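Below are structures written as structure tokens.
Across the two complexes that follow, chain A remains constant while its partner is chain B and subsequently chain C.
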Partner chain A sequence: MTDAIALLVVVPIVLALAPIAFGRLWDRTGWLAALLAGLAHLGLALVVAATVFSTGRFTYAVGNYRPPFGIELVADGVSATLALLVSIVTLAVVVYARRAGPDTNEFYSGLLILTAGISGVFVTGDLFNLYVFIEITGLATYALVATGRSPAAALSSLKYLLVGTIGASLYLLGVGYLYISTGTLNMADLAATIPEVGYDSPLILTGFGLIVVGLAVKAALFPLHTWQPDAYADSPDSVTAYISALVSTAAAYALFRVIYAVFTPAFDAATPFALDALVILASVSVVVGSVLAVLQSDLKRMLAYSSVAQFGLIVAGFAVANATAVTGGLIHLVGHAIMKAGLFVGVGALAGVAGGRTVDDFAGVADRAPVTSAAFAILAFALVGVPPAVGFAGKWHIVLGAVEGGRWGVAVVAVVSTLLTLAYFARVVERMYFRDAAAEPAGDADGPPVDAPATDGALASDGGSGGSGVDVDPDDDASVTPEDGDGSAPDASAVSIEAKAVVVAAAVGAVVLGLFATDLVSVFEPVLEVYFE
Partner chain B sequence: MSLSLAASAIASATVLASEPSVSIPTADVPTAIPPAFVVLAVALVLPVLSRKLGHALGVLATGGVAVWALLAPAGTYLPVTFLGFDAVLFHVDAFSKLMGVIFGFIGAAAVLYSYSSEARNRQTAFALGYVGTSIGAVFAGDWLTMVFFWELMAVTSTLLVWDYGGEAVRAGFRYAIYHGLGGSLLMAAVVWHYTSVGSFLFSASDGIVAGVPAVLAAVGIGVNVGFVGLHTWLPDTYPRPHVAASVFLSVYTTKTGVYGLARAFPDGNLAIAYMGSAMALVGVVYALLQDDMRRLLSYHIQSQVGYMVAGVGVGTALATAGAFAHVFNHILYKALLFMTAGVVIARTSENRLKYLGGLGRTLPVTALAFTVAALSISGFPGFNGFVSKGMITAAAHKEHLDGIFYILLAAGVGTFMSFIKFGYYAFLKESKGSWNVRRSVTGQRVAMLSVAALCVALGLYPDALFALLPGSTADAHPFTLSHLGEGFLLAALGVAGFAALKKPLSKVGPGVDVDRVIEPLTFYGMRGLVRGVTELFAAVDRMAVGAANAAIDAAGDPYGTIRGPLGSLVGSDDDRLRDGSLRAGIATSVLLVVAVLAATLLGLL
Partner chain C sequence: MSEIDSLRPLAAVLLPALGILTIVASHRRPNVREGFTILTALATFGVVASLVPAALSGTVHVSRLGTFVPGIELTLRADPLGMIFALLASTLWLVTSFYSIGYMRGLDEHSQTRYFAAFAGSVGAALGVAFASNLVALYVFYELLTVATYPLVAHDESDEARAAGRKYLTYTFGGGVAVLAGTVLVFWTTGTVAFTPGGIADLATTDPMVARAAFALLAGGFGVKAALIPVHSWLPDAMVAPTPVSGLLHAVAVVKSGVFGIARVVLDVFGPETVSQLGVGLPLASIAAVTIVVSSVIALRQDNLKRRLAYSTISQLSYIVLGLGLLSPAALIGGLLHIPAHAFMKLTLFFCAGAIHVETHTDDISDMAGIGRRMPLTMAAFGVASLGMAGLPLLAGFVSKWYLLIGSIDGGNAIFALVLLTSGLLNIGYFWPVVYQAFFQTPEDSDAKPLVEFPLGGARLAADGGERVDEAEGDDAAADGETEGAAAESSEDEIDPDVPIDTAGRVEPDVEPSESEGQVEIDARVEGDYAVDRNPSDHLGSDVGEAVDEQTESAHSDDSGRGVDEHDHGEHGEHDEHGEHDGHDHHHGGPPASGWERRGFGEESTWFMLGPITVAVAGAVALGIAPRAMVFLALVQRVVADATGVVF
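Here is the complex of A and B:
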């Protein structure tokens, strides 16, 4: 059954070909292939997870070439959890994209290639193989960002392409330095041979610096984040949800593996500058990212800068270098993926209702899409770190670990970031719930919803998924009559049932994950025990 | 057990027990309740009693305290726990016994005088509160209790002044401010003392701890005794209230101060001795210039207290004994002087000497009492002031403190002169107008004559007082030829001086006291301070309001608020900043990556 770990990568790649091969025959091939791939991926990830949970960490030699020469895939508590995360996010985005678009075969192909790349990052045990998967991830992302089909999206994609390629190249360069000095690319093998070369070897140190900076570009730490807000803001909503949940996550995960599986805490102890610099970079990232998020009026940009801050927090957790803080970083890695994906889907869904995606556009949106708004608000507060949601569990462990490790600065930064996160989300939630819409987005003759309790009640009951007429924009939907309230017809100004389901699922997931945070800790524990023995 | 032995044993180990020819009987006295509380209880019930009954109770209570203090064996004390500290509510030794006797006796006389001077119950209640707290202060066996009663004494005496209304209210305010400051300084000294000694008890240390606490205590007590420069409240306050209130005021505050000074500096202090002699001289010079009777007497309080302070400062056994003898005697004759002045004022409604005259015939008893008191305060042989003043000057002489000695003698001449002036203008001089006044009433006469009798008795037979004194009277020989000659010489100089200076003195005004400098300084200083504080507050307020407004603006429009500064920082116009982003171009992004990489590698290698 251990082949499942290889199939995690293989299945999406193979199925990515399907839309290209059969797309001309049937328009929905892409969606179906993506759905199939997602389900298969979920099944495979469950198998891997079950194996890990029952027998512990296992490895898989690709093509039966034994490491250190062959490529090794590794599954442990962390990678199994993240593989599951990939499956879930893929399925959710596939479901969401069917209505929200871009519902094209090319999109689904790209999405599946991205899935394969990210899955590969999570399971590989080989440093060069990791580069390959990072590049697959990057290339697929550049393409997906460009599916926004706007000039801005093209420019953002180009910017991401250039900056991201430089990051990946730096990483590759670093791997090259390590290979020259040690003669191996296998992570476990490197961990054994690097001490033989010596931690103060310039080759090793340069390799470390190149790899960390390269991955920091990919993880979008300030000031290497410049590609990220544009890419997030100008992509289609489904793409944004996907890449915000997984792409930077993959880079941060790679950083975690490099720091602990390759360079090990012994290197950190021998080279204090390495982690000090990372802590400072991450802390600055948290504060500046949060401040920039507060400054934004565009909600997608706000969430993008929020990611800069949150990844700063995650990396800070990794860089504190004790088991508690790293556990917190990993929990926040998983939790952030779920919350941020849900938030981006929520923004995309609510933007249709609100008629725009700036903070002010969201005024009074809670009246028109109560369920989605409630889920959005729950996710927002989860990301702030309100118990019992998963955001709290992550931040709590990071703060606790920082205090244990004597990194008071990190603890303070984490608390400050909580306040700033509250600042930028409170602004949105306040407008959603406590402001009336400045004007009816439609400006139609039906009058404001508050004057029509009957239609209001209908809205409340179906969460605005049905086109009940009040929210219909007469310019776009003049043909839509109030009779098609069964939700079957696409309605630009209402939240689709899929979007609603995704946002609610994310909200529920964030809370449930928070409630079971101790189980998550126990899943990560054996992995970290090896690193911090 | 003979009191004298106990007294000397407790008072000072260095002093040999004196053997006065009189020994005071002792008896078992109730010790469950501190004597101060009895007086305070009477003060509390007095306003609701009839005038007669209330004042009778007041006389009984204060007189009872005098008898109690006289009979209480030395060493009687009542330890309690006060505010969580060990405290001694009363402690009878030679010092407190003397103070208790005289405070009680003069309290009784003053209450009697109040009754006859038509003082209202409320005023006498305040006065008894003042007496009670003073008695509490002098019987206190530890600093905490003493400071507690000391502060209460300031409060009750202020109330006593305020009770009269009118001009007294303003003077009372000044009085309260001075005593508030003085009390606070003393309290600071006591707290500091406690931190270094670990106990408030007098028995725990020999006086107050040297250094800062000693200075604080000296200045704090100095307000009460009227150190030169700190004394202006005294002549300002004491002439203002009711005549009977003045009698009380002239007795307790300053003398409690002298007692406190003796507790704080049992071994004396030369600076304090010089301060005392300065007080004696300055006080008498100003007294000589006064026209208002009670103001003149008030400056004499400063002058006479100066003798006592000098005695405490010199610090030898004889000087200490002299200081307390002078406390005792001074209380008698100064209360008597205020009583006579009070009778004159009450009968003539005139405060100022130059409008008086010829009262010797209309008020013969008062004139007699005044004569006794004046001769006593001036130190004429045969009267009590002669004895105690002589003890202090002799002690100073014996210590070869010639400066102090001669200053005190000069002050003695001034005292003669000013009382000759008082007597001449009030009683002897031919009156321009004719006084058609009622004579003093019986109560006043009883009070005045009994005090006057005591002045003469103690002047002729000082051994009766010596038995009560702390310190040692072994070296006190009041009636040697040289002393007597000294007394007569001073009197003669006084007469001659007054005769020579009578004309110029009547032309000179009341003199410019330090308050003419202190008060404007304080006023303008305080005004500057208040204005400075107000302006500062206003500035802070403006800043706070500005910050609050800015915060509200920022909360309402965070992007707009920060974009401005950021725009100027980046140096670009607002167009290039789109929607709050600091959008870095591709080149900038690459540059940033390179910069971070370079910094990292530099750091690592």
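Here is the complex of A and C:
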């Protein structure tokens, strides 16, 4: 059964060929292949998870070459959870992309290669192999961003390519330093040999610095985030949802493994300034990312900067270097992926209804797409950290861990990040619910339902199917009904059932995961116990 | 104290949540939807009420929902302190539900489904706050309460409402952040955040600076919703919400959740002993005292009735905080008892303000002169409740204030007793003019309100506005009226300035009475018009006036009664005539051109609104007359006994 862990990578890669091979025979080959790959991935991830939960951590030697010479794949509570996350997000995005596009076979090939790369990052136990998967992830992402087909998307893709390659190169350089000084690339082996070389060896320290900076570029921490808002904003909605949920997550996960599986907390004890620097970088990222998010009017850019802030929080949790805070970082890693994917799908879906995706376009959208808007609002408040959603569980552990570790700065930043997150979400939710679609009416109950669909139709430039709602009922909610009925129509001015399902599932998932955060903690616990014994 | 595993506390929290679903599901049929609101409120009240006997006998029903985050359980406990808040919220929710129906339909408001759903959500979260068994669980529901209330604050969808909503979220989430930080500190130092009557033992022995910081964060954080003075300003702005929201949430559930949080912190997290050891009780009491006085003074200058009530709420909430800060058993009882006492009284006041708004669209106190004849029951209830606010005996406010006074003297802090007494005077200062002018003045003839209308420092009025000129004329007439007495004829010339004011009202009845009244009546009016000027008061009584008497008996008799009070006008006939006009012609809403129409008790509005007003004011009176018969005092005494060991 341990083969399943290798198949997590193999299956998507193989199926990625299908759209190219058979795409000419049938248009929907790509979608079907992606769906099959997603389902297979889910099955495999479940097998891996079941094995981990019943027997604990297990390893798999690729090609039967034993480590430290061969490549080792490792499954433990953290990687099994994240592999499951990949399956779920992949399935959700594939479902969403059926309607939302980009409906080309190349897109699905790229998506599956990306799935393979990310899965590889989550399961590998080898530092160089990690580089390979990071590069696969990166290259697939560059291609997917460019599927936006606009000049802006091409530019963003190129920008991402340049910055991302530099990040990956820095990482590779760091791995090289470690290899020179220790002669091994296997993570477990490195953890044993680095102390022999000495934590204060310049080679080790340089290696650490290069690896961390390289991964920070990939995770888009301020000030290394500059590729990310453009890439998120200019790629198609499905791509944004996918990469926002998983790509930076993979980088942050790699950072976690490098700090704890390779360098171990003993390194932190010996050279505290290394993680101090990371704590400061992450904390600044939280604050600056949030402030930049508040300044955005484009919602996708706003959510992109929000990711900068949230990854700052996650990395801050990792850098505090005690079990509680790291647990918090991991919970937030998983929770953020679900919430941010849901939010991006929500923006994509609601933008069709609203006729644009700036903050002002979203005015009054709640009346026209009530279910999606409600789910979006729940996700927004979940990310703010309103309990019992998962955003709170992560934040609680990070704050508690920071206090335990005496990192008061992180504690303050993490606590205040609630308000910072609120600052950029409150204005969106307010416009969605308490402002009418027309430019600046002073909030009359009777005006907007009449002219709102007109505005909408003009902007979306297709028949206003939402416009048939004549507001006779004194209750505004009545105007909602035509929208519900038209849900299945392939019409940009209505939210597709797929999008609605994905956003609602994300919202429910965020709350349910928050309620079962304890179980998530108990899954991560054995992993962290090894690191912090 | 024995514990019973029971689903009832959970049911109390879940029922409103279930209510949201049914309300949203039935959004197309308003009657069914409101039916669900009432049904949910009734069921919730039933569940909470069924927990009362157990809480009184020392048994605690507990719903365990499992571990929330490691080391912290998500458990709901119906302990006595929680029962006070839960019983209050669920009782008044039922009352307010009826009122909401009357209010929202009376104004034909938009988005009623969202309103009722959010209302149910808010109450559910408030019940969660009440039953939460530890700081984290409390925090969970506290934040949910913030989110659930936000749509209600921004309900109006005007710029003002949106701004108020933003301010509300900013303030309360800011408070929530402080609560979270304080909770983390407590958890970090003691390893537990479970509420323990008398306090968590480890906090007494921990580093006092950390403990003080935790207390400051927790009390400060909860203080935002409790509207302590530097962080109070969201509350007056939130008055833009529909009045039932201001009534139940911004006088009872939401603000009291803040106060309740402070009560939990003082009684069940730190414990009165530790609080006094740390020396943080007195600063808390001082902030409360400052809040009491300052917000009362601000209230004096508010002309908008709801804003005045808001500042009154800020002041009264601090009574509770003051009791909690003073820490002596009597003060604790007084503070906690003021939670229900203030709730009943302030709910009455808000209901009255809302009823006035629905019926007459009048919001400003300066427009309410004489409104007592239009809304007698409402204004009578308002009068009773405002006397209660001032702390007069036989009303709810007196009992709690009595304990607070005893408590502050017991604790050796007589200055706080002085603050309480001053506050009572200020209460009269800002409530009495409302009641007085409602019953004893008319729109044409009301005194200037120096505190509201004049700049601070009391500049003498200059003739710069129409109102002031009228005022000056009224003063003239009043001065003359006093001197003339029996010599009515000589005053004729002086009275003239008043006539033009009233002619507008006097022209209308000539048209209107033709439907319902005979020629005699019209004659009476026309005659009366002139007769008043020639022979005041006696002419009407002699011949044609009798027809008037027959038709408008009650109006007339009331008026002649009023005439005695209206000594400053000295013109009885004029007023009789005027009152009668009101009774017939004023059918449109808004501040009327011809004075307030006269309506009898119960005819002033729908019973959807009058019923809740009556119930709320009856509750306020019952709490004052028989505090022991109402369960709240018993619960409060049990809480204080558990926390301090002193049995009353």
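Just so we're on the same page, the second predicted complex is superposed on the first by the 482 of 533 C-alpha atoms of A that agree within 3 Å, B and C clash if a C-alpha of one lies under 4 Å from a C-alpha of the other, contacts with A are read in each partner's own complex, and residues count from 1 in each chain.
Keep in mind that, in the parts below, a contact is a pair of C-beta atoms (placed from the backbone, for glycine too) under 8 Å apart; a residue touches a chain by one contact, two chains touch by 3 or more.
Since the structure is predicted, the reported quantities are computational estimates derived from the model, not experimental observations.
*Asks:* Thinking of the overlay built on chain A, is A:E430 touched by chain B (first), by chain C (second), by both, or by neither?
*Replies:* It touches chain C, and chain B stays clear.
*Asks:* By the touch definition at the top of the document, which applies to A:L419: first (chain B), second (chain C), both, or neither?
*Replies:* In the superposition, A:L419 touches chain C alone.
*Asks:* For A:E196, decide between first (touching chain B), second (touching chain C), both and neither.
*Replies:* A:E196 contacts neither chain B nor chain C.
*Asks:* Regarding the shared-chain residue A:E533, is it in contact with chain B (first), chain C (second), both, or neither?
*Replies:* It touches nothing on chain B or chain C.
*Asks:* So chain A touches chain B in one structure and chain C in the other; where do those two contact lists coincide?
*Replies:* On chain A, the residues that contact chain B in one structure and chain C in the other are 427.
*Asks:* Show me the residue ranges of chain C that touch chain A in the complex, using the header's touch definition.
*Replies:* Residue list for chain C touching chain A: 27-28, 30, 66-70, 74, 108-114, 136, 139-140, 143-144, 146-147, 151, 154-159, 161-162, 165-166, 169-170, 173-174, 176-177, 180-181, 184-185, 187-188.
*Asks:* Please output the residues of chain A touching chain C within their complex, sorted ascending.
*Replies:* Going through chain A, the ones touching chain C are 381, 384, 386-388, 392-393, 396-397, 399-400, 403-404, 411-412, 415-416, 418-419, 422, 426-427, 430, 433-436, 442-443, 445-446, 473-478, 481, 515, 517-518, 521.
*Asks:* For the complex, which residues does chain A have touching chain B?
*Replies:* It is residues 158-159, 162-163, 166-167, 170, 202, 205-206, 208-210, 212-213, 216-217, 223-224, 226-227, 229-230, 271, 273-274, 277, 281, 292, 294-298, 301, 423, 427 of chain A that touch chain B.
*Asks:* If we count contacts the way the header does, which residues on chain B are in touch with chain A in the complex?
*Replies:* That would be residues 558-559, 562-563, 579-584, 586, 588-590, 592-593, 596-597, 599-601, 603-605 of chain B.
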